[in-house]
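In the two complexes that follow, chain A is the common piece, with chain B as its partner first and chain C second.
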Partner chain A sequence: MTLHATGLSLAADGVDHLKEVTATFRPGRLHTVIGRTLAGKTTLLRVLAGLQRVDSGSLTRDGADFLRTPVWRRDTAMVYQQFINYPHLDVRDNVAFPLRRAGLAREEIERRVEQSLARVGLAEFKERRPSQLSGGQQQRVAIARALAREASILLFDEPFANLDYKLREQLREEFKTLFSDQGDAVVIYTTTDPAEAMMLGDVVLVMHEGRIVQAGAPHEVFDRPATTTVARIVNDPPMNVFPGRIDGDLITVAGLPAGGVPGHLAGLADGAYQFGLRATDVGLAQSGVEGEVTFVEISGSETFVHAVAGQTPFVMQIEGIHDVALGEQVFMRLRPERLFAFDEEGALVRSPACETVLAGGR
Partner chain B sequence: MARLDLADVGHSYVPDAAEERWALKPLRLTFEDARTYALVGPSGCGKSTLLGILSGLVTPSRGRVLFDGADVTDLPTKARNIAQVFQFPVIYRSMTVYDNLAFPLRCRRWDRARIDAKVRQVAEALDLGGRLRQQARRLTADDKQLISLGRGLVRDDVAALLMDEPLTTIDPQLKFTLRRKIREITEQFRPTVIYVTHDQYEAMSFAQELLVMDGGRVVQQGTPEQLFEAPSSTYVGWFIGSPPMNFLTVEHAREGLSLGGRPLAAAWDAPQVTARPQVGIRPEYVRIVTEPGANTFPARLRGVQDHGAQRVLEVDLAGQPVRAKVPREDGVPGVEEFLVHLPRTKILPYVDGRLATLP
Partner chain C sequence: MPRLYPAFKYTVIALWACFVAGPFMWAATTSFKDANAVQGGATYLPWLQYEPTATGWRNIFGGSGGVDVLGPFLNSALVTVAASAISLVLGSLAAYGLSRFRYRAGFVKNSDIVFFFVSQRIMPPVVLVVPFFYLLQVAGLLDTVPGLVIVTVALLLPIAVWVMVDFFNGIPREIDEMAMLDGCNPLTAFTRAILPNSLPGLTVAAMFCAVFGWNDFFFAFRLTFTEIQTLPQAIVALNSSIPPWWTLSAAALFGISPLVLLAIWVERYLSKGNLSGAIR
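Then we have the complex of A and B:
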């Protein structure tokens, strides 16, 4: 079962919620859709579920029109950010409810309820009411109900966004295993968290202002972001993007000399570029690009130093705890071998060499 | 701003409950003037109860609350002179940004010139200076939250600024901007801040001191660095840090400790206990190496989590799971069996879930 969207567009009140969305969702794959709030992620899921109409474009399932398929024949299960359970039903009945409505045999319902509750680790909680469960457990019930449907399309709209971070960490790890044997279902999962998108997705789709701006395997999107926008969205903190120039074998950044042209950028024409560097690839040094520290944050194991060079803001992610004063003049070392080069419109021109592999190939 | 003391304060929502079941077990705490504190812990750990006791929303079952030495235990919120910021912005939608900020001061009958000066100072600090005439309803969620915060800051006579999950409903991409603003203005205005969050990352990047809570108790208080480098219990090691700290069960050897039959050197003396001790090490300090050496153990790769700039390698070390957080550019070991180095100065001893000796 393959879903194929072509040129889906939807506007309301002059705002594009979906703009020419073209994407393919394949069976047995977990697709993560990453984008900021209001990027169009929820709208896309609602359109796939049949809850929202589009202005134009087509949607097919295995080649047959899907846009005009009624909601109840779409064989789609959805889990929302705000978990929804029936408060008057116990956990077992919450999961069984849609199965009973679908008229399944009692033994089959029993089997699916048992199996899906076991998968989300709630086998012991069948008799509880939702109000007797923690937030994380309630969301597990909602996930179990979606699993029990054995639907061919599973949609998850930021399912862990409202949970405590420790719980999020745990459920995120379980989620991957949970879907490793989902068979041929198409699974689509939206998130605003780059790490979550990378970690869970077999395929990552990056959305921005209603468009899918890039789609591919996680490492492709991360290592070769098609535009500066993608580079910012898939990195946390967002990738540093700054104007610069290549002149002969020298690079200038924010009007300041920033060293020689590294190997992977050799052969690029002279002229203006936008360069990108991850926060982990900018550090404090004795010399380099001079900037003024505007902000310092410590996260226990790392220090985030924000500095501005000329008009250009930078963020550095440095291992360990460093005492840097606000307003201090510092030198930043931009690791030339990690530079991404984008053209002036923001399209990727060159990316740094991919990672090294320890102790042989893999 | 003031120094806040809790003297033997505890609370139970259920009358006559045994102390073991209180939402907040009796404790002594001091929040120093002009410092920023974060209360962190999972739902039900007691952090909201503690905040409620400070704000006057909850009258403690036991103990006294003192603001700069004055007993406020029986005073209602209104009489405590505190500013509060909640999870959802509280603003007057029909008023301008200016009037929203001026409102608490007009209520206190400040004269017009003094109000104007203060509103402009705070608006400047919050980057709202250009939008003072704008209707508040037209603002984005994070700007609205900034105004809520600004309203807390215009009154420089408040005893403390209490914030309850102020960033929970904010877009992750904007959280950073807002966190930075909150930090900047707390550094400028130096209020005493008590900040409640379930997000350890938010707490660590914001507060000078963290109080980790669990089961109605403060289980550890310290700077972000102290909590990261020396968690007082396996609970704190798990709660602070992502992925959590690794804990490995080790054996007593003739000299010191051993792990999987190999000696494990540490910067401290092995705890003199009969129980089998555990050692804790942060995933950030576990190193994948190719050369054998001290504290180097054979390991097997079980799984890889790709987080983007970092990867988490799930490793089996002497039959126990260990996670290593490695930079992306280090790559993934190309072989299933390799060596793991546990730096001597980065391992800590735990006995019965508690930190045994401080190195």
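Then we have the complex of A and C:
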């Protein structure tokens, strides 16, 4: 079962919610759609689910028109960002609801309810109402209901976004296992979190302002972001993008010399570029690009230092806890061998050698 | 002065309770009095201040000089129950449609349609009497229970629609959507996922319908004559040049008793609505 979207567009009140979205969703793959808030991720899922009409474009399922198929015949399960369950039913009946609608035999319903509740770790809570469960448990009920259906399309709209950090980490870990054996289902998962998209996805689709701006394997998108926008979206903190120049074998950033041209950028024509550099590849040093510290945040064992050099904001992600004062003048060392080069329109020209190492691990 | 506040609070509550309960007490004592006791000035304590008698109560159940209110009571009950039930069914369906689907006819949108429903109750009822009379006459339904039910539905439907639109708007749309993803068509999504969560709203709507339907005097008075009489008509018919206050009081108390019982029974369903687990 393959879903194929061609040129899906939807505008309302002068805003493009979807703009010429073309994508193929293949069976047995987990597709993650990453994009900022309001990028059109939810709209895309709602269109695939049949909950939202489009202005133009086509959607086919194994070559047959799918746009005109009503929601209830799409064999599509969806888990919302908000925890949606049937308030009047207990956990067991919540999970059994779609199975009963599908007219399955009583024993089969029983079996699937037991199985899927066990898989999400809610076997003990069958008699509870959703209102008697915590947020994380409520979302597990929704996931169990989606699992039990064995639907051919599974949509997850930022399912863990409303959960606290710890629980999110935990459910994300479990998610990968849960969906490792979904067989031929098309699974689509939206998120704003790069680590989540990279870690879960077999295929990553990057959305921005209603468009799919890049699609590919996680390492491909991460290592070779097609544009500066993608580079910002798929990195957390967003990739530093700053104007610079290549003159001969010298790189200048914000008007200041920033070192020699590294090997992977050799052979590029002289001129203006936009350079990209991940936060982990900028560090404090005794000399380098000078900037003023505007904001410092310490998260766990890392320090995020925000600084402005000229007009260009930078963010540095530094191991360990560092005591940096606001307003302090600091020197930033840019690791030249990690520089991404984009042209002035923002399209990727050259990327550093691939050595995908991701926070969260793969 | 924190200690004064409770005293003040309970004084106000007590005064208000007297104000509300007073008329009922008055009617209750009067219903057990005879002519002499009623004329002799205000008295409240049976046996001490007046000799209680059940004449008033006997009169409304066919005693001499009174009427039998049982027939009108059943008519009222029939009209109220039938009209309320029809209004609730039609009203919830209409309200669900207005809450979930977008309608457009020129400049008329959903909110305009809802207002149109509600506006039926803004005009004075007397405006409607002549057209109703004519329509029922044409249909041959004057002075019949079905005729009165139809007219009462017309009166109750706006209330049901109004209450239910508001209630359905408070139920997350995602619940219907999920029901449809789970295999329901729009109608079964309504009956399986939304209605079971609408008990509080339906209760409020039913309560309003019952009260308005039960208490209607005006339309029954104008649209029925000899065959059918509802309870408010029967009570008014008791009046004469020398009002039999004891009989009137008994009839009035008897007339409101179903509503009081209904209110007590229904009260617990009002707070039971629990949508908190639906969405966070």
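Methods note: the second predicted complex is superposed on the first by the 355 of 362 C-alpha atoms of A that agree within 3 Å, B and C clash if a C-alpha of one lies under 4 Å from a C-alpha of the other, contacts with A are read in each partner's own complex, and residues count from 1 in each chain.
One rule holds for everything that comes next: a contact is a pair of C-beta atoms (placed from the backbone, for glycine too) under 8 Å apart; a residue touches a chain by one contact, two chains touch by 3 or more.
Since the structure is predicted, the reported quantities are computational estimates derived from the model, not experimental observations.
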| item | value |
| --- | --- |
| Three-chain arrangement built on chain A, chain B and chain C clash or fit | fit |
| Touching partner for A:87 - first (chain B), second (chain C), both, neither | second |
| Comparison of chain B and chain C by chain A residues contacted | B |
| Partner chain(s) touched by A:19 [first = chain B, second = chain C, both, neither] | neither |
| Chain B versus chain C as contact partner of A:29, first or second or both or neither | neither |
| Which of chain B and chain C A:102 touches, first, second, both or neither | second |
| Partner chain in contact with A:71 - chain B first, chain C second, else both or neither | second |
| Touching partner for A:41 - first (chain B), second (chain C), both, neither | neither |
| First, second, both or neither for A:132, with chain B first and chain C second | second |
| Chain C versus chain B - closest C-alpha approach in the superposed model, Å | 11 |
| Intersection of chain A interface sets (partners chain B, chain C) | 135 |
| Contact set on chain C toward chain A in their complex | 172, 174-175, 177-185, 188, 192-193, 196-197, 274-280 |
| In the complex with chain A, residue positions of chain B that touch it | 42-43, 171-173, 176, 179-180, 183-184, 187, 198-201, 204-205, 224-225, 227-228, 238-243, 282, 284, 288, 290, 305-309, 327-335, 338 |
| Residue numbers on chain A that touch chain C, as the complex places them | 49, 51, 70-72, 74, 76-78, 80, 82-89, 97-98, 101-102, 129-133, 135, 138, 145, 149, 162 |
| Complex contact set, residues of chain A against chain B | 36-37, 134-135, 164-167, 169, 173, 192-195, 198-199, 218-219, 222, 234-238, 278-280, 295, 297-301, 304, 306, 317, 319, 321, 326, 338, 355-362 |
